[in-house]
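In this document, chain identifiers A, B, C and D correspond to the written order of the chains, with residue numbering beginning at 1 in each.
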Amino acid sequence: MKKLMNDPNQVVKDMLAGMVAAHFNQIKRLPDTTVIVRKDAPIQGKVGLVSGGGSGHEPAHAGYVGKGMLDGAVCGEVFTSPTPDQIFEAIKAVDSGKGVLLIIKNYTGDIMNFEMAAEMAEAEGIKVAKVVVNDDVAVEDSTYTTGRRGIAGTVFVHKIAGALAEQGATLEEVEAVANKVVKNVRSMGMALTPCIVPAAGKPGFELGENEIEIGIGIHGEPGIEKTQIQPADEIVQILLGKILDDLKLENNDKVAVMINGLGATPLMELYIMNKKISEILKEKNIHVHETFVGEFMTSLEMAGCSISLLKLDDQLIELLDAQADTIVFKK
Amino acid sequence: MKKLMNDPNQVVKDMLAGMVAAHFNQIKRLPDTTVIVRKDAPIQGKVGLVSGGGSGHEPAHAGYVGKGMLDGAVCGEVFTSPTPDQIFEAIKAVDSGKGVLLIIKNYTGDIMNFEMAAEMAEAEGIKVAKVVVNDDVAVEDSTYTTGRRGIAGTVFVHKIAGALAEQGATLEEVEAVANKVVKNVRSMGMALTPCIVPAAGKPGFELGENEIEIGIGIHGEPGIEKTQIQPADEIVQILLGKILDDLKLENNDKVAVMINGLGATPLMELYIMNKKISEILKEKNIHVHETFVGEFMTSLEMAGCSISLLKLDDQLIELLDAQADTIVFKK
Amino acid sequence: MTFGVEQAEKWIITFNDKIQENKEYLTELDQAIGDGDHGLNMARGFQETVNKITSVNYDDLGSLFKDVGMTLIAKVGGASGPLYGTAFMKASLALKDKKKADVKELVEALAASLDGLKTRGKAQVGDKTMIDVWEPVIEFLTNSETIQPKELSVLSKEKMEYTKELEAKKGRAAYLGKRSIGHIDPGAASSYLLFVSLAEVFTGGELSS
Amino acid sequence: MTFGVEQAEKWIITFNDKIQENKEYLTELDQAIGDGDHGLNMARGFQETVNKITSVNYDDLGSLFKDVGMTLIAKVGGASGPLYGTAFMKASLALKDKKKADVKELVEALAASLDGLKTRGKAQVGDKTMIDVWEPVIEFLTNSETIQPKELSVLSKEKMEYTKELEAKKGRAAYLGKRSIGHIDPGAASSYLLFVSLAEVFTGGELSS
């Protein structure tokens, strides 16, 4: 394991220190926490948005703290949901009295920790709503299981709910639009290489010289299926195929596309993926309103990518296009 | 070699197709070329800015095409300077009559190809100026050799010269400010892993399980020195130490900092680097005006980073802060 | 032998020792079917817990377990943090102000813990989680007059090992579907260590009823 | 034997064959002290050049070499593109409208190529570049009455191999400083192949003066 770090057990602390030092104009860290909030939090008259999760997904989630997206991001240990006390601090710091929306990726740990934090906040009289993102179609959705995971599509929830909150909407309205995004976004990923949690010191799974994992999550966990490496066009067909099966788009539908690198994938390769993605969508007469290509929700230094499709209507388009000024996402 | 691609000899073509499909609102590709220009090029009354180089450095250079930065980017084969005919096409496409500035990274191939293109353009009566970026302090600067390489500091030249051009300045003025940036920017990089040129199929050099390369370039070429892996803080000291030796900053000087990932380095690690960088600069009483953390000038899937420091004065600050709206760089 | 503050502390300390010893093993189990942090999470959280409880003099089991639960909730994270944290918070409520507990009281407290786990995590026996150890163990204890360390250890080990046969329905391993079969659940493994540690507290003497 | 369009085409085609055969070898040389694309650049550019010149019927050497030069400039890229391209453009000027060339004329054209290379690249003998093959070879040819294939091959090979001893002062390898010593310069190696190919054109018959 070769990493630019000092102590594998201090990576989150060191990262946060470096992040705040870099972006002191935009963000601040709540003292003695792993919580990053907007420098001007709480924003009067605005619903607060808090997201978070394990670290190792940078720029998620702290990179999305700023005008038009999140008010606060709670950073757990690497790939480990943050604890309720930290989330509670974030809620308190961003609440201006209009309530706080928690944007949670659908993992047992995240759900439980955010729920406990919400209970704490409600006990102190803060209005809290929760939305759970579960965009990963690699995982079967069933009421008997944990359900689908939340992956890169979460960034669309931040963007769109954030834009509505910025307009002064109520907690109920912001929650409703967040849920609308969740209903309309689907993602699926694949990996060329595993990644190494610094404190674990070795990869979560092994891949042969010619193997890839289809249906990978974002926590270094194995995917749904191991196969031989295939041309980019074939990989697009697998991932996009599953997404389209699930999203059921129609002629003339409008979508936003996100091609998300998992950490070690050159932009070049993501654009090569988009060549085929755009061809397939064009063939199906689905209109791409905007394509986002880059690293939005990573998995440390994993090589691979995910594709997300968000089905748009006029409201979602307006909110997606709205101004945003965060560390990494600007519009 | 596992990469998301179809044919190793088609990666640049496929990438360009995917890039234009993704960003059709902002850029266009000149037919039958590997040239990307602003959708609205040429901009009347504005000096045109053209940069470029081998591919594999994405988002450089096409990612910086847009308002306030480049008018055109010429994309060569992977790590291979583009040819004069392509550069000439870019010059013609962005010239509005006010002349064109070529921003060239200091490599023999780039210099020669851009020079030949400039000769072609001048033969057709287009005013052309050239600026050569040589920010890499890993390489000794001497008139007997090729001199220092151009690496990530080049992005500052795009930003600042682009901002002045946007204000309607003359070619001479834009050239002068570009040269001012070149005089005031220094960079140095290191690698944890090599990278693989798709058509070559194997890495340009080998690194052991615990080895790193100090003074790496951005073309998969070996660095200046191979050493054992060290804590991030020590690596910062080596790179920043060399930069500070050369840049000779004084008490109260202002700088912009860029911590550039080479392709496979998690943002987390870049922020860990910034912790120490910001501490050292603070100790020396050097004021950081802005810190840029991310992938700006990569080397395919190489793991590692470079640090760049740009010494600022009032003019450079104003131009660095000016509005920019490109694919990846927005202000 | 009675179960008082001294015994409770011994339980937590013994458990922490076993967690630290098995940190890598638990992490490997979690790498196979999860995200490879269970050992790290448990080691971080229980070390903090031991630091906390060894710095305070407790008068009663309730306040001791409350500190255990609070520390776990704040320091573990992931799925196991809220679960173990909730378990000890529920036990602390059941043992509020109690200087010592008899078998019935202790087992009732553990049953409250199990209830808390199930409410929090919504998992059932057979979902391949720590519940697959907790539920049969609590049932066994509830039906025993005394706590029999040997039997407790054997049963929890057996139940932990049985999770190997199961397909995960809850937690991260559920994403693997049938590929989760053939691996011991990491949370079941740490829960086994919890009950073994409890058994050790009682080794050489059984709790009078 | 004379040097006309047929011989010139044979030269380029032979050279291209050798480049394709040695593509990986040249790339490996460039990986050691450069960026690992020299074989790829040359193979791409000269294949296009052969495609071009075999699709046209040339009347004179000037127009043939002009197409060679133009194709190389447009298709090779990197440092070697402008260099080889310039070399052939300069030769084409020297041989403008010439249906065939005698030794003196051919060597003068190659000397013009060398001049072009040095103006374009600003390298000197000893800088560890293709100039370390070109300059001594042109000097040797200028001082010979005829073109002696054997000697030409031996000399260009010797000069190519000698680049191993040198520390690079120009081109990408210069960044390596002393670490560049011990490796053959890739451009010197391709230039060696160029002159060997020329020698082969003359094998079995020497050009009359």
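In this section, a residue touches a chain if its C-beta (ideal position, glycine included) is under 8 Å from a C-beta of that chain, and two chains touch if they have at least 3 such contacts.
Protein identities per chain, from UniProt: A, B, C, D = phosphoenolpyruvate--glycerone phosphotransferase.
Remember, it's a predicted structure, so these values are computed and weren't measured experimentally.
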Chain D reached from chain C - shortest hop count over touching chains: 3
Intersection of the contact lists for chain B and chain C: A
Far-end chain from chain B, centres as C-alpha averages: C
Separation of chain A from chain D, taking each centre as the mean of its C-alpha atoms, in whole Å: 55
Interchain centroid distance [CA atoms averaged], chain A/chain C, Å: 32
Inter-chain centre distance, chain A versus chain B - centres from mean C-alpha coordinates, in Å: 29
Overall pattern in which the protein chains touch one another (line/ring/star/complete/other): line
Chains grouped in pairs wherever the two touch, ordered by label: A-B, A-C, B-D
Chain A to chain B touching residues, read off their complex: 2-7, 11, 14-19, 21-23, 25, 55-56, 58-59, 63, 192-193, 209-210, 212, 229, 231-233, 235, 257, 259, 263-279, 288, 290-291, 293-295, 298, 300-301, 303-305, 328, 330-331
Residues on chain D engaged by chain B in the complex (per definition of touch): 27, 31, 33-37, 40-41, 44, 73-83, 120-121, 169-172, 174-177, 179
Contact set on chain A toward chain C in their complex: 54, 76-86, 107-109, 112-113, 115-116, 138-140, 144-146, 149, 197, 199-200, 202-205, 217, 219-222, 224
